[in-house]
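The chains carry the letters A, B, C and D, assigned in the order they are written, with residues numbered from 1 in each.
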Amino acid sequence: MEMNRETLTEFLKSEFQQVADMFAIDDVEPRAVTVRLLHDERHLRPGGTVSGPAMFALADVSVYLAILSMIGPKALSVTTNCSIDFMRKPAAGVDLICQARILKLGRILAVGDCLLFSEGLDDPVARASLTYSIPPDPR
Amino acid sequence: MEMNRETLTEFLKSEFQQVADMFAIDDVEPRAVTVRLLHDERHLRPGGTVSGPAMFALADVSVYLAILSMIGPKALSVTTNCSIDFMRKPAAGVDLICQARILKLGRILAVGDCLLFSEGLDDPVARASLTYSIPPDPR
Amino acid sequence: MEMNRETLTEFLKSEFQQVADMFAIDDVEPRAVTVRLLHDERHLRPGGTVSGPAMFALADVSVYLAILSMIGPKALSVTTNCSIDFMRKPAAGVDLICQARILKLGRILAVGDCLLFSEGLDDPVARASLTYSIPPDPR
Amino acid sequence: MEMNRETLTEFLKSEFQQVADMFAIDDVEPRAVTVRLLHDERHLRPGGTVSGPAMFALADVSVYLAILSMIGPKALSVTTNCSIDFMRKPAAGVDLICQARILKLGRILAVGDCLLFSEGLDDPVARASLTYSIPPDPR
């Protein structure tokens, strides 16, 4: 592994400062991370539920960080595709937890998927799979 | 058509007030709408590009509004699936324009897709397809 | 559980006789099945690799059978969406194994996902997520 | 354009002989093709409807041929992702027509989408979007 919880958190703060305070990295394992979307009025929809774009953002940042944990801080990796299923209404008033894993880590493409849970509940509220294009290594 | 540009704009302001000022509805035709993501520092990533979640939000609201234009203001319709391809880096400093159309308008499911363009450019920056679950009509 | 390995295998033979001999059901657990695409020249592409449509068919039948194992033999359940990522070239000359699980089993929609492996290899060749529309219960 | 209807048809016959007789290329325009899945008992499900894998195969081959029409016969281009929505039951006893277009033709990735119609009917039975990885040019 090239980055751990501390260095990924630093990277998030320095490179994505506009959104870094939305998220907290709970855990980093080989090819897997757990990231938390902190409860915040700004992400809510009428009825107190977390918005779709906020769930998308959580899935995207989580798989992205899982990839960076393995390849190091290549900020230029870009999301090329996301498929996301919204399966249940998130619980109101709690954080959303994303468990992400890497399924493929190729030279030019990486693929991962994730499940999103309302904290304290067993049934996932959403699933997503994402593909990233990795910039060529100049070396 | 059940709603036009004016009534859709009103609906957006009353039901989604937290995000309504991000968007402007340019045009509403049968089974098709054009919606604009207004240029705003809050949606930007390093380098001045529009963020993935902001593009997702534009695609989602656009197809949603296209459906409401046909079935009326059912705020409880929910997104169940989105597949989105990010194809080019959006141009900096301009609005993002979404052209959305409805492909299926069933009793319980509706499907639409859309293309996103940086204003003034011909090549799409993203495409998305979305499915919505429509609540049963109480009548 | 409403159906087990034997009753699912019978259902496949009686309702999908044109394709039933492509597949073998290895294992059925609560909300999860393992299904095998039997090695066959007909599914191959130049180079001896399994074709994309055959991988799609394996993913589709596997999640479908996982759902039927829980709700019983509702042949009219239909696939409404599939997102599939082809990540590696399948190995030549071996079966393809699909591990499928159910993520949501609602009244009108069910969602599942799966990983496909070349038998004997650890890295998945593909992943897929699928949504099914479940016909209303006449009772 | 690098290939026309005749050269694409030849390519299909020589490189994909196992499936070439399933399809007919109706039309080839810049960045767009129309391909037909010929009515055949082998692609049918109970009730006479075209199977999901056959619709997937039609979408895949159509966007693939649209790409080859622009870049020439690179048989090694591989599908990396497909998202497909099945929206209506295909009509029985008729061909399925796929209208495919290219949305991005990059150096390493190409993206296209398509609509599938039962011949003679206006409402699409399915839509799909696909991504292909293009092998590096040895020159």
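We take it that contacts are C-beta pairs under 8 Å (C-beta built on N, C-alpha and C of every residue); 3 or more make two chains touch, one makes a residue touch a chain.
All values reported here derive from a predicted model rather than from experimental measurement.
Looking at chain B and chain C, the chains in contact with each of them are A, D. For B-C, the matching interface among the pairs A-C, A-B or A-D, defined by over half of the contact pairs being the same residue numbers, is A-D.
With chains reduced to the mean position of their C-alpha atoms, the one farthest from chain C is B.
Taking B-D and A-D together, the pair of chains sharing more C-beta contacts is B-D. Rounded to a whole number, the gap between the C-alpha centres of chain C and chain D is 23 angstrom. Inter-chain spacing, taken between the CA centroids of chain B and chain D, is 28 Å. Computed centre separation for the pair chain A/chain D is 33 angstrom, with centres defined by C-alpha atoms. The multi-chain contact residues of chain D, meaning those touching 2 or more other chains, are 80-81, 83, 85, 87, 131. Interface residues of chain A, counted against chain B in their complex, comprise 15-16, 18-19, 42, 44-46, 51-54, 56-57, 60, 75, 78-87, 89. Contact residues of chain D toward chain B in the complex are 83, 85, 87-88, 103-104, 106, 111, 113, 115, 123-124, 127, 129, 131. Note for the complex: chain D touches chain A at residues 80-81, 83, 108-109, 131, 133.
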